[in-house]
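The structures considered in this document are given below.
Look at the two complexes coming up: chain A is in both, with chain B in one and chain C in the other.
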Partner chain A sequence: MDDGPKRSLKLMIVDDSNIIRRRIERSQQIARLEVVGAASNGREAVELFRRTQPDVVTMDLTMPEMDGVECVQELVAINSKVLILVVSALADKATAVDAIEKGANGFLCKPFTDRQLNDALEELLSEA
Partner chain B sequence: MNSRLGGILKPLLTPAGLLVLVVILGLSFVAIVLVPGFELASEVAETSTALKLLGEQQRHPSLIRASLESMRDRLGARGYIQESLDQLRASNSQLDRGLHEMTVERPGNWFALTGATGASGAPIAGKHAAQLLDAWARELVVLKPVLAYHGVPYRDNESTGTNLNESGRDLERDLNAALRASRHVLPQLDTEFTAIANALQSTNVRSATQLRLVMISGLVIALALVVLVTVLLKARQRQESSLRQARQQTADILRTVKDGLFLLDLNLVIGSAYSGALETLFQRKDFAGLAFEDLLKSIVSERTLATALKFVKILWAERTNEKLVKTINPLGEVEVHLDAGNGKFDTRYLQFDFHRVRVDGEMTHVLVSVSDVTARVDLANELQASQSKAQGQVDTLLGILHIDPAQLSSFLGDSSAAMKMINAVLREPAREEGMFRKKLDTLFRQVHSVKGEAAALGLSSIESRAHAFEDDLKSLKEKPALSGNDFLPLVIKLDDLLTHLQSVGDLVSRLSRLHIAQPEVVHTTTAVLEQEKQKQPEGRADSGVAATLQQLAARVARENNKEASLKCTGFDMVPEDYRRTVKDIGVQAVRNAIVHGIEAPAERLSVGKAQQGMVRLTFQDVGDSGYKLIVEDDGQGLSTDRIKEVALKKGFITAERALSLDTKQTFALLFQPGFSTVETATMDAGRGVGMNLIADLTNQVGGRVSVATSAGKFTRLTMTLPRAAKRADDIEAA
Partner chain C sequence: MLKEAEIRTFIDGATNYFETSAQQAASIGSPYLVTDGNPGTFEYTGVIGITGARKGMVYFTAPRGMLTVLLMRMQETDTSDENIKDLVGEVANTISGNARRDFGKNFVISVPLVIAHDADKVTAPHSRSYVIPINWRTHSAKLVVCLE
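Here is the complex of A and B:
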């Protein structure tokens, strides 16, 4: 609908659970967003990020190899304009705050409904 | 037209427009009134001076003429002429000086002959002045010889008397010439003087008129200025009062609003304006300039504080999306401990909300609103508690419906007896340590048996309460020194357990009433319950003991991942006196057999046994010597080494003693209070009371216990009970 003049944005999904990855990919219904990749840990995410140069990233916090907080820091260092939505459980607010401090833009609490996911992405993109 | 005028006037009617008007009026006052007024005034002064000067000069021509005529007359009469000559000289020099003075160059020169002049334009005297000077110059020519005369004009002769001498004749001639010339010239001078005076006069009149006009316009401008300044002052007053009103309203709002409101700057310091509610919320007054950290430091945990400070900081980062971080606000609902004075702490729940404050798009502050949500949190907790209570009641109800009524009724009877006993023990006076310990042991056994039966019936709500009571008893047992006060908290737990048992009893009786009220709806449970109640007094019956034990065995096996079957024999021969003892012993023995005796299925298979273990409970009437209750399992048997090891660890025996113990003495250790080979206490075992309880229960009725075991094959406990049971529950009657 509104993707005429606005260019489409690339979305990368980072989560160690493939159920969540698929869930986000399937549920997101923002016309401007196009999923360009999914990573299951921080290290993979950084590599994929360099290759696909996404504009928007959804980021899990607890992951093997490299955790979400560190990954956020790396991604922002590569591209300071990237929009990052942390998607994690609310058990540890301190870690979520750390991730925002390192440069993530917002937080979405797991578990989430489709509506909540789309609202959060829409809100995130309103800044772009 | 009107609107166009309005359009022009409107910007002028603002305070700023009015101020511009005042400045314009002030400047025009200077330009229109002061400057021309000054010039006009100086012109008037100048012309006045000129008129005065002119007036003085104007009489000189006639004086000159009079002097000349007087001289001629005196000369004719041979009179004294010097006086008139002096007069002529004086008039001449005064007029000459006067005319000279008038022609001196000066600003606003009214007499100037040519060239630039003052503000009033052309020289007033103009051509009259030129003609005047010209006439005067001609007059001076004829006057010159007269003025120059010296000496006496007469010569005295005796005969002819006094005659004119040579110089007298010359003077007479000059005088006549001068008089002749003056007859034309002097009136001309007069005319010019009059003309100039007239010109000056009219100039003066004009200047005065102009001055009056300037004064009037000055007055008008001054009036306008006064009006404008008044309007401006009024407007300013209005503005100030509305400002004051706005300030007052802000103060009123801040004082009255229920939430705590304050602003945080970039350094997380609280601003000087804040709502009065803060003082109540935080029990302090010094907010202005207080660091946010210092506000929170003493009332929240260190971890929450650190996260909270970080959270407020991230709000200042433009990257952060304010809406998308609301959920991770660590102060969204935070438990705080406020100093309530007198060393006590008041626990409350506060909710902090943070909002960015922007001025012209730039973030200047974070607005923090704090509200007390204690009531909400308490309500939620209460709701949850009542929900779980309701759920508990439903569970209990469902639990009861599933239980065999005979068992349930027997359980309720037994536990009420146990409760009475516990109550009695608690009330029993005791002074010394030994008595306290004994009391504890008795309580423990009673609660343990209630717990065991409840577990056997699947009444988990009762079981967990009894377990909690046991926990308390256990921690008391571990205390090095006991006093009467230590028992006080037990009353609360006991009360909880008692209340719950009563509510179960109530439920049961309500169920029976239900049955009576609706006879056509035959509820199996209540129906059987009624029958059972009628059957009981008739004496011998297994009263559900075997069934209880079957259920217990199945549950204990399931929960310990064992497989076991229980076979009960001879329970219908248990006399009523022994019913409870047999059941209590049975519960402990079956539990012990399954938890400690029967091996895990895999282990059994590996040593060539059937996967399912077997526990046998046999009640026998052995004639005169009384009864025998035999509990036998085909498990791993008792290991003397293991028993010694545990006894050593628990400090029941020393290492030397361990070496010298024989098998019988080793087994005796099993019956010591607190002995158990299971490390952690579960619902089923590990408290170390099982064997001890069996021994106690047997001893109470005057019986004895013997153990037979074969490592890896079986364990058999034989309880020999006398024909007539010793009254063990005397205390119950107390």
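Here is the complex of A and C:
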């Protein structure tokens, strides 16, 4: 039986760098994702998350005001079904494990190519 | 004082940044030690404060020309001063963050502080800094590592 086309998923981008936010917005070529907002720190992200209710989030870790790990915890507390891809320069294993334990679903290390980003998002969406 | 293997971590970080983000390799010159507390800067500098197990700072400094071309290589069409400053901070943040692969989680990095057009504001916390020269296309930049 044909279930018809899958609905598009809402994506929120969280990073304190404008060029990274724009880069993720530009390079995400997955038809099922629609960017609904971008935030430059954790506090702003929580507010935007409540307002836009995204299904998928890309999350930086080193940010002013509220860091990414704390923000991951807050977003998961609001909606435990959200899919979160951490996109961070922090390359040690302990940080990745910590983020996953706090509720993130994947980890992409900066710097990244467009292909690496798309592959990471595709893998994340396979869980949706 | 930095060990040779620790300097290699930053060289690898700089190499990886250009290969991945710009998809064009940079040539890394021989690192050298500066002992007068003045390792020098270009027009734009992204400074990362280091705390935790190590203390000090890491900075990436580059001229506008290099940063503009780097933005363009990343498919970014907005080469405004704001984006140039954003990029120089992001390069410093990425190379410093990647260093945790070897230094571990207790190598704690700050958010970037960006200084533009004011070289005097960039001051090394100790007299000894290692300078890693970075040459990319026709441009020169520096990665400066100053750690206790």
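Keep in mind that, in the parts below, the second predicted complex is superposed on the first by the 121 of 128 C-alpha atoms of A that agree within 3 Å, B and C clash if a C-alpha of one lies under 4 Å from a C-alpha of the other, contacts with A are read in each partner's own complex, and residues count from 1 in each chain.
Convention: contacts are C-beta pairs under 8 Å (C-beta built on N, C-alpha and C of every residue); 3 or more make two chains touch, one makes a residue touch a chain.
Only a predicted model underlies this, so the values are computations on that prediction, with no experimental measurement involved.
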Partner chain(s) touched by A:Ser8 [first = chain B, second = chain C, both, neither]: neither
Partner chain in contact with A:Gln53 - chain B first, chain C second, else both or neither: neither
Partner chain(s) touched by A:Pro64 [first = chain B, second = chain C, both, neither]: second
Chain B versus chain C as contact partner of A:Phe107, first or second or both or neither: first
Winner by number of chain A residues touched, once chain B and chain C are compared: C
First (chain B), second (chain C), both or neither touched by A:Ile20: second
Partner chain in contact with A:Ala96 - chain B first, chain C second, else both or neither: first
Set of chain A residues, in rising order, touched by both chain B and chain C: 90, 94, 109
Residue ranges of chain A in contact with chain C within the complex: 16-20, 22-23, 26-27, 62-64, 88-92, 94-95, 109-113
Complex contact set, residues of chain C against chain A: 16-17, 20-21, 23, 71, 74-76, 78, 82-83, 86-87, 89-90, 93-101, 103-105, 107, 109-111
In the complex, chain B residues that touch chain A: 303, 306-307, 310-311, 313-314, 317, 319-321, 323-325, 327-330
For the chain A and chain B complex, residues of the former touching the latter: 85, 90, 93-94, 96-98, 100-101, 103, 105-109, 120, 123-124, 127
